[in-house]
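Next come two complexes, and both contain chain A; in the first it sits with chain B, in the second with chain C.
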Partner chain A sequence: MLNETQLKVFVDHATHYFSAFAQEPAIVRVPYLISHDESLVYDYTGVIGVSGAFRGCVYFTAPARMMQYLLMTQGETEHSQEHCLDVVGEIANTLAGNARRELGSDFMISVPIRIAGKPEQLTLARSARSYAIPIQWRVYSAALVVSLEDG
Partner chain B sequence: MNVAAPSTVPRRRTGFGKYRTIVLSIALFLVFDLGVLILNFYTSSEISTDAVGINLAGRQRMLSQRLVKALHEFGAAPAGSTEATNALMELRNTTTLFDTTLSAFERGGETTGGDGRAVLLQPVSDARGRAAVEAALKLWQPLKTALDPALRGSDAAALHEAVRLASSSNLALLRLMNDLTTALEQVAAGKADRLRLIQTIGIGLALANFFLILFHFIRQLRDSDTRAETARRETVEILDTVTDGLFLLDRELTIGAQPSKSLHGLFGRSTLANQPFLPMLREIVSEKVYREAADFLDVLFREHVNLKLVASLNPLHEVEVLIPGPNGEPQRKYLGIEFTRVTDAHSALVHLLVTVRDITVRIELARQLELSRRQAEEQMSLLLGILHVEPPRLREFIDRADKALHDINATLRRHGSKHLSKRDEYRGVLNEIFPTIHALKGEAGLLGLEFFEKLAHDFEERIVELRGLKRVGGDELIGLAVQLDRLIGSVEAVRAMVERLGSLQQGFAQEATAAAGAPAGAAAETPAMAPTSTAAPLPELTVDTFRFLVERLAQTEHKRVQLLASGLDTLAVSGAEQITALREVLVQLLRNAVAHGIETPEERHLAGKTDVGTIRLQARADASAGIELICHDDGRGLDPGRIRAAALQSGRWSEDELDAMGTAGLRALLFEPGFTTAAEATLAAGRGVGMDVIKHRVEALGGTLSVASEPGRYCAWRITLPGLPGLGELSFETT
Partner chain C sequence: MPEPKPLTLLIVDDSHIIRRRIERSVAIDGLDIVGTAADGDEAVRKFRKLLPDAVTMDLTMPGMDGLQTISAVLAIRPDTRILVVSALADRSTAIEAIRRGARGFLYKPFDDAQLNEALTELLELH
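So, the complex of A and B:
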């Protein structure tokens, strides 16, 4: 079963991205549990698959306005879907890279995939509840969802 | 485990193998050409020599005429004149040249060529030429003899004789030299004809050889191509059809040019041929497996290492991989990757043949079995923890726990959805969820569900710990979410166990009924643990329930306590909500009584009390008038000094504030969230939780909570719910 430290690895690196690249840190709001039949996705989602000691997925999902504002703060003038996907993919990539490093070599972390709109292929762990960690940046709300079950 | 060598080992070929015939043919072709060339050179050389002979034979014709002319001019010119001298010199030259050349034609030898250089002539071998030379010699010898005196210029008669002989043999000599020329020309022409013939035959043979090579080898090549194409097609069909992934790996660990089609699906990649294997592997397996695989492959290519010995070390024998699915989403698979050495005819290791199988189904089945086994073990342990609880009460607990935990999650979710300003924090969330988890802990303790009580206690501990932080942010609550998940998981596990046991019992009951001939369904009406029972039974407030709790807590606290109760049965007239609330309150009061009120046997002994402390519960209820409940213990009572010390130690109040409070004010501190007088936290008490919960619970039902206490003697709590006046047996103070 995922422990607090492992869960924090994902949360810390998701928020670290904002501290490092978005001029203003993100705030973690109250985390809660969601079941496998619930859907928590915004306009853009970056997903990494996890396998090994745990299996499932971890994704960062954010509304389009948040991604556009983020692009603006990074000095980007293009705010197209592709650019927004780049940002969400970059956050997922940060999660993947750090998770590979910090969770140990028994984990397999997939190459992140980026999704615009409601992802059909995103399924949460059935045998366990998933953690929904709302992340607030400026006035926007995004979420980190950690859906892992024992491998 | 090498790939088996062919049954007939190919002989080592020393020549050109299958190309021997074509090499021989080409060699023959070259020999023909070389032969023709040599003959050509030889014959050409002869023809060239013959041409010199022909030229000199032609010159003999001319010399015979010049000799006669010079002889006539010498005879006609005045003696001693320049003309005579010139004619004599011409006569000498032509005579010498004619004689030397004729002699060379006859015996072979040197003469002077047209360019004045010495020329070597072979004796004339042709019969006609030879006859002409011999006939010419016969004519020339007398003439030469006659010319000698004339050439010396001493005798006019000799000159006259020479002129006569020359005139008579002139035409014959001319004809003979002409014959010689013709004969030599014919010899040369014959050689030229022979040369052409040789060239024609040689070219013909060369052409024949060429066409032989062409047609023979085109057919062989076609056959070979056909066989190769058939073999290639068969290979492609096999590689396209085989469900296992197959490919060759070279020493540079590059995938071969012809991986099987299924390999792309197994590795989730469209391009594999000629790609490096390890970087691809790194993307789909864990870093640990990747490193082990790299080392293993290195070992496999060391030919002296016995494959059988290292095969068991293959880290890819059963490996979990994460590969991109059709839409790029990560898919989990299990692959079985095996390596076989491929050697050439000289037993040198050239490749590894890699076989890849999708073993996901098998591994998943094994995993499910393992999970089931683990679950069965956990359930057995769980079963031991719940067996002592009556099924209806267990079900009631599960329902209540499930609702309570989901209420907590709903609270977290509600706050998590709210926008948060930088100054905001979540201390309020902790206060909001605390009573729920605390009540649940009490319920679990009441039923003796220790594992659950422990989880709830840990949750509670975490809340108290978080309350001590200066600022409670969302990330501090991550641990709570993890603990909540564990609590929910435990409730689900207990529910699953209860349902399973219920089904089992129902099945047994039906079997027993059927065996006894009872009507079908009759047995299902009264199962002891039937999950189908829809109405949860009313919560019970029996002395046995609380005695169990008190004894267990006393044991934990190393105390001796007896519980005496009266009138609890009258509470049955109350509604379920009231009973539930009273039970929560009583659980907390009893916990406090055991933890804070009753002393240890040693303390009691020193205080002149019996070793066994006594807690009395007295209840009186009337359906119309209401409820009164008193919980009395003969412990140390409420000690204002101890409360003050604990309050001061908590740092929440100053000495001045505490001094100003008085006894009533100090007692009121007991209802402050987080306040405790216990030195350390235990399952029974100590985290400063409970009294505030009791107070809010009672007030929520419109009741009152009051306390009476004498330090060192007793402490009694009275709860009244609406409509019922107090018993008045004791002196109570309103809190």
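So, the complex of A and C:
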């Protein structure tokens, strides 16, 4: 199971991400446990499958307006669903990939699966411990969910 | 004296927003962006046609990943300068990329200054 130090890795990378990429820091709040059947999703979700030392998934989920605003900060004039999905997948990939600095290369990650709306196929493993990390960027609320068990 | 020929850059990343970010952020005199590719197969096709001097290379991509793509493009033009631009922040991935012939590594997320500094170093333009 993920320990407290390992969970903090995700908090730290989420904090750094928005400062570096969008030049505006996010407020990352204290993680809390969610149950396997709890549905914490916004409009767009990027899911990274995890294997190796851990098994499960890491996903980033955010409202459409936040993704559209993020696109705007990057000078993008087109805020289509396709582009919002691209951003949400890239954020999930970056946050999971950055975690390999501390968790090592045996924290193996998949390419992102990008989902619009409520994902039917996103069920957290009953045996995994799942944490939601609330992220507030500007006026928008998003979340990073880390649902992992030992590999 | 004639102006030196500009160096050319191919951007490889499966994310549209990252390709655009790199396109918009590169501000180096004498460096022209000649193309972008969204996966390894497209990268090799475009590389063969454009024969760029330098490549920014993502690693986590569907199909042929970035490490395989590094080997493929260097088999075509061994003196290509490759800057890996990736979220994979562990040491062994960086070592493997360098072993395959990449000459620099920039971690995502990056800001404009970090990108330009990494490219300047890659191209030895100091």
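Note that the second predicted complex is superposed on the first by the 145 of 151 C-alpha atoms of A that agree within 3 Å, B and C clash if a C-alpha of one lies under 4 Å from a C-alpha of the other, contacts with A are read in each partner's own complex, and residues count from 1 in each chain.
By definition in this document, a residue touches a chain if its C-beta (ideal position, glycine included) is under 8 Å from a C-beta of that chain, and two chains touch if they have at least 3 such contacts.
For clarity, every value in this text was computed on a predicted model and none was experimentally measured.
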- [ ] Quick one: classify A:Ser105 as touching chain B (first), chain C (second), both or neither.
- [x] both
Open item on the list: I'd like to know which partner A:Asn93 touches here: chain B for first, chain C for second, both or neither.
Closed with: second
TODO: Using the superposition on chain A described above, determine whether A:Leu148 touches chain B (first), chain C (second), both, or neither.
DONE: neither
Task: First (chain B), second (chain C), both or neither touched by A:Tyr131 - done: first
Open item on the list: One more residue to check, A:Gln23. First (chain B), second (chain C), both or neither?
Closed with: second
Task: Greater chain A contact set [chain C / chain B] - done: B
Open item on the list: A:Val9 in the overlay: touching chain B, chain C, both, or neither? Say first, second, both or neither.
Closed with: neither
- [ ] Go through chain A and flag every residue that touches chain B in one model and chain C in the other.
- [x] 100, 105, 107, 109, 111
Open item on the list: Going by the contact rule set out above, which residues of chain A touch chain C in the complex?
Closed with: 16-17, 20-21, 23, 71, 74-76, 82-83, 86-87, 89-90, 93-101, 103-105, 107, 109, 111
TODO: Flag every residue of chain A that touches chain B in the complex, lowest number first.
DONE: 1-4, 7-8, 11-12, 15, 27-33, 47-52, 55, 57, 100, 105-111, 113, 119, 121-122, 128-129, 131-134, 136, 139, 141, 151
Task: Touch list for chain B against partner chain A, complex - done: 283-288, 291, 320-322, 324-325, 327-332, 409, 412-413, 415-420, 422, 426, 429, 473-475, 477-482, 484-486, 488-489
TODO: Spell out the residues on chain C that touch chain A in their complex, using ranges where they run on.
DONE: 14-18, 20-21, 24, 60-62, 86-93, 107-111
